[in-house]
Amino acid sequence: MIIINFVVSVLLIFLGLYCVCTRKNFIKIVMGLGIVDYGVNLFIVSVGFNDGGTAPIYALSDLTNGAASHFFVDPVPQALTLTSIVIGACVQAMALSFVIMLYKRYQTINADEIRGLHG
Amino acid sequence: MSVLSKIIADSASKSPWIYHINTGSCNGCDIELVAVLTPRYDAERFGFKLTGSPRHADIVVVSGPITTQSEERLKRTLEQVPEPKCVVSLGSCPQSGNVFKGSYSIEGPLEKYVHVDVTVAGCTPKPEAVIEGLYKAAGILKKKREAMKK
Amino acid sequence: MMFPYLPLAIRNFFTRPSTVQFPKVPVEAKKNYRGWLAYDPEKCVNCGMCIKVCSPSAITRTVEPVEGGEKITYEFNMTSCTFCATCVDFCSTKAIHMTENYHMVSEDPKDLVTVGSRIKETKNKNKKLTCGDACVFCTLCAKNCPEEAITVDRAEKKWEVDHSACVKCGICVEKCPKKCLSFEEPAEEKLTCGDDCVFCTLCAKNCPQDAITVDRAEKKWEVDHSACVKCGICVDKCPKKCLSFQ
Amino acid sequence: MIVLTTILQILIFPGFLFASFIGLLLAGIDRKVLARMQHRIGPPIIQPMYDFFKLCGKETIVPAAANRHVYMLAPWASLCSLIVMCLFIPVGGLTFFSGNADLIIIIYLLTIPAVCLIIGGSSSGSPYAAVGISREMVTMIAYELPLIIVFLAIARVVGRGELVFSIKTVAEYQIANGALVSHIALIPAAIAFLLIIPAEVGTQPFDTAEAETEICEGPLVEYSGKPLALFKLNSSLKMFIMSALFTTLFIGVVYTGNVIADVVIFVAICCLVTIICMTLVHAVTARLKIEHLFKFYWTVVAGIALVSLILVWAGL
Amino acid sequence: MMYAHFPVIAVMGLFLGAFLVEIFGTKNKYIRNTIVMIFVLLAAVLTFALIKPVMVNGEIITYWMGSWEPVEGWAIGIGYEVDALGLFFGLFCAATFVLSAIYSFRYMDSDDHLGHYYTLFLMLCGGVLGLVFTGDLFNMFIMVEIITFASAALAAFRNYKFGALEAGFKYLVIGSVGSSMILFGVALIYLQTHTLNIAQIGNEMAGNLTPVTILALGLLIMGFSVKAFIFPFHTPVVDSYATAPAPISMMFSGTVNKIGVLGLIRVLYQMFRVMDKEAMQMTLVVIGMATMFIAVTCALAQHRLKRLLAYHSISQVGYVIMAIGLATPLGVTGGLFHAMNHTVFKGLLFLCAGAVFYAAGTTNMDKLGGLSKKMPLTCACFIVGAFAISGIPPFNGFASKWMIYLAAYNKGMETGNFLYIAATIVAVVTSVMTLASFIKVTQTVFFGQLKATNDYIRDVPLSMRIPMWIGSALCIFLGVGYNFVNKTILNPAMNAAFSAERYFDVMMGDPAAASAGTNYTINLSVWNPILWLVLFAIVFAAVAIAIITTKKTVGKVMLSGSDNQDPDGKYAVFFSGERSQYSHVVGSDMFWGFRKNFSKYFDVFHKFHNGNVNDYATYCVVGGIIITIIVFIFVR
């Protein structure tokens, strides 16, 4: 488990959150969300890493004659990352469609202007 | 249930609630009416109570010459008082318009709008006279209620 | 003190209440309380001064001719009176005064009215029957007099009449063949003005009936006797005291 | 047989007739004592009964703008909940109901009459009633906070285990070791409760909701005849219930031999309580504005209650 | 073991339905409605069929996707585990789906693109049921994502409405921030335990809480709090409730925020089993109190009906969180029961709000008035709902609130900690303020004087009224028969929450363990509502007799017949003599006394909810950080 992966992913997450919290432009906010998502994905992938392990593709025969020869990387987090990437993509697609509709409606995508609902 | 209806009939005159309408009076009679509730004269001995809404009233006390402005309101409020009610005119203004008689803004005696049950004359009648008038009105209330029941 | 009336309230609770039990304990109004108006028709000279001064015009006078004269009734409508007692001050003959009765309460406003009326004979009230010198003592008048007030003595040629009994019906006057009977007015008192009158027109101003007219320029003073009701206000008002009834 | 006795007990003894008679009596005494404090004779003791029967005889007008069913039902619902309340408060040590009622239920049952008055007033459609309602609601919020604190303080001293809030345990506790008022810690709670009673019943200083002068009787403006009679009966019933609640919670019930003596003593204590906390305060103070009332309850009365809660909590 | 397949069929059925509706349903209305109805009913029937095995017999049903059984006690595949707790939430969620579906058939028929509407609707239902039944952590995350998508899109479904798009966007942003935090937490847990099965995680981490897992705990709590819309994260949700169509806001307040609550319970009680620590309980109680009080005071200042209802659902969730934070048997039972009641009466209130919108075209309270004469049935249902939510005795709100007060106070008595006493006090005061705000609504919307322009209003069609009637019937039934409800559903759910070990053993393939572990029972004999109803009935009967027997005295009821309908006559409202022109006391100027004293407080919260997305995101992040810090300091 390489520490660098963790540091980078936590950094990405905080960068993404900072971007969501401070940027006024809606598109930048959506990008911020994306960054948070990528940070988490990086983290998940790096969780399952065993150094020296090969890709978990094997024929049934490899398994039967003793597992010593193959040392796999943990496949489960990779599956998780797949779905998480898909979800991240969907979130961004939907958010951007919202932004388009909002722009059509308000002719601006600045967070300060679009404040109809308050109080 | 005749006992209950007898009690109800008796109590009709025992707790007459008053609602006061000031149709342009100089407030002389108004303070006289309130003076009746003060310790010295204490009309509450007979159950009189000043209420805030015509719906609760039994006796409607009208004071003041009915000015044009207040005529419409007087008619409306008098209509909104529930049935066994009686009207008392306080002081000489409602009956005749007193010194204001013949003025362009006076709409004439109270008799024009409603049958006045008890008249209490006097330009500010003495509190005792007011009590006597109200007491007589309470008596009439009872008679009116019997008349209504038939 | 948070509750200023707390001690007072508690003290009141234990002391006798100060209510006057009105219906049981009769309450008399104070000495000169201006209550119900009392009117004495006899004293009233029907000068109408009170009507003139009454601001709410609560007083009404009705005059109907009645066989002996006019019936003057004064109505004082208490439900319209403002109890200022100006009429009491202005009444020269003090016929109106305020009683202390404050119980002006009734179901029918009509009985809150003080009514007083007086019948005022016409002027012939104090005229006398007199016989002229053409009398032939035919005793026709004596026989027709309903009250037998006339006695005739054909022998001593004497004719006299009992004035108190005479009701001035006027039957004898018609019956007398010689038409020598007539009613003479006693010399009526009339308002006359003395000579030291300075024509200050005070009497004219104060006369309720405006019977006196004074012309300062031509220094003329005359009175309309029919209008004059002999109330005597002008006599009091005249500074020179030159007016009098003769 | 049990059903008969229950109906009897509901309708006669601790239930409707007894409670309303005592309630009207209390209201009469309250008005008489108030008059005497103002140095006047005041109405006869049974004046509220005259008022009630007179109102029964008057014509009931339902305004056009009103929602008829709710308008006519509100007084009855409030009366029912008050009667149910009477059954739970042990009058003279005799608890009609074996089931031990709960202080929280008492709070909520106290809200039902207020809510019925509000819904009734609101359904009459008059603007005065609407203003009256908002004031009634603010008064309710105002006195709810100190009320719950007082109940919590009592429960801390008395309650244990599951039945932490029940009146039965309060009554037994007081029989065992003296009236709750004797606890130093609970005296502020008693004072706070005394201050709450006038607001709950709606007497003078705190009757901004039914101010005759400003908003002509608030929610009751459109009522006349029988419904109005019921609402007046409800307010006098509430007066009885609140003082009965105070006596059961704080003064505890003194047990003499027979039942009648107990009941008479109980009612006497209730009269004393009403006179102290309602009539005296009524005679001496003027009506509060709604925002002062709210501030008064949430600062002064809640403060007193909190003091007693903290004292109790500190294990006094 | 016929029952094993039911949960999966229910969930997958709903997703299948979603796609079928998309394919067939766009053109013809009737096909679409029937498809939706079939699948929703299927899910509901299957869920209710599970009551017997799970609740009554006490079994815990396990189902392994693709029959990947656990190998030597190590879960490999994705497992569905339906225990009493999960099923309890599933029950009332399924019921809400059915009611909402029936309601939206008629309510939405004036909108277009209904094919999409029902797809999203079924996706939302599938997500909710999926989360309720799943035993796998990542599967739970996926379901949470589906719910966020579906609700964001449905919130903005009527994009022509003012603020719909804006609300949808904000909801999506905050929702995805929350879900990313959940995902991050899941990854951390996986790092530590190398498994995703909740039961196994719970077993692994029972004792040893390393810093990594504590961080995971913090993140998961924050994530699920965002989903449960608790105090710092509630802002975008209030907007999206207001703009969403009524059946969807019913779904929101009924099921979506309950999912957050279920997630929290699973995390705290079954995975980390951290609820026995005093600090954790206090944090939850404090959060609950804050949510309750702030949400209800904001609700008092609202002008729109739906925003007011939204604030109330947040404050009621605050009650549930506080109750769960108490971690005593009575407390958790109260919390769960209040969650169910909340779904019932909040759903009813939202349906009534929808009916008002459908009939009058607006939910702005200042424009409405006197609708009770035109819409009597909706008004009656609304009053039942209003009484239920403010906890008036015969209704269900009271039963659960009463349990919560008792539990809070008992805990305060035992532990001697003043916080729980304060919690009880805040709870009671909040309940009175809820009553205050609903009185405000009934007066402004239903009772006052009818505006001349509102004369055209008629009551809503029958198919919208049925769900309302069912809702109010449920309100009354739950309130009165709560002892029965407690025995059948609540008790097993509460025991399931407490017995995490049993959850683990059954998951690992030994069904016999289902009945192990201690079963708490709570006795609620102190107040049995049937006794009360008997009393009320007798008193009402006596009173009715009194009315009939008294001869018609003079005071007969003078009906305001239409003939003498002169506006100013005897039956006009007393307006101190004036002509009775329109003078409706509107909601915004009620409670003047209360608002004047709280004016400074209200300014703060007016600024807090200022509509800026970034601020909402910052509240989210700051809230998360605070929770994680608390968890770090105290829970160790």
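To keep things simple, chains are lettered A, B, C, D and E as they appear, and every chain counts its residues starting from 1.
One rule holds in what follows: contacts are C-beta pairs under 8 Å (C-beta built on N, C-alpha and C of every residue); 3 or more make two chains touch, one makes a residue touch a chain.
Since we're looking at a predicted model, the values are computed, not measured.
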(request) Please identify each chain that touches chain A as well as chain D. (result) E
(message) For the chains other than chain E, what are the connected groups under the touch definition?
(response) A | B, C, D
(message) By Cα centroids, which chain is closest to the centre of the whole protein?
(response) D
(request) Specify the chain pair with the maximum number of C-beta contact pairs. (result) D-E
(request) Return the distance between the CA-based centres of chain C and chain E, expressed in whole Å. (result) 96
(request) Give, as an integer number of Å, the spacing between the C-alpha centres of chain E and chain D. (result) 35
(request) Report the inter-chain centroid distance for chain A and chain B in whole angstrom, where each centroid is the mean of the CA atoms. (result) 84
(message) Can you compute the centre-to-centre distance for chain B and chain D, using the mean CA position of each chain? Integer Å is fine.
(response) 34
(request) Indicate the residues of chain D shared as contacts by at least two other chains. (result) 35, 38-42, 56-61, 128, 216, 221-222, 225
(message) Two or more other chains touching the same residue: where does that happen in chain B?
(response) 8, 39-40, 42, 45, 53, 55, 80, 82-84, 145
(request) Check each residue of chain C and list the ones that touch at least two other chains. (result) 17-19, 21
(request) Any two chains that touch count here, so list every such pair. (result) A-E, B-C, B-D, B-E, C-D, D-E
(request) In the complex, go through chain B and note every residue touching chain C. (result) 39-42, 45, 92, 95-99, 101, 111, 116-123, 125-126, 128-129, 131-133, 135-136, 140
(message) So in the complex, the part of chain D that touches chain B is made up of which residues?
(response) 31, 35, 38-44, 47, 49-54, 56-61, 128, 211-213, 215-217, 220-225, 228
(request) Could you pull out which chain C residues touch chain D in their complex? (result) 3, 5-6, 9-10, 12-13, 15, 17-19, 21
(message) Give the list of chain E residues in touch with chain A in this complex.
(response) 138, 142, 145, 149, 152-153, 156, 159, 162-163, 165-169, 172-173, 176-177, 179-180, 183-184, 186-187, 190-191, 194, 196, 238-239, 242-243, 301, 606, 609-614, 617-618, 621
(message) Taking the touch rule as given, give the residues of chain B at its contact with chain E in the complex, in rising order.
(response) 1, 4-5, 8, 53-55, 70, 72-74, 76-77, 79-80, 82-84, 145, 148-149
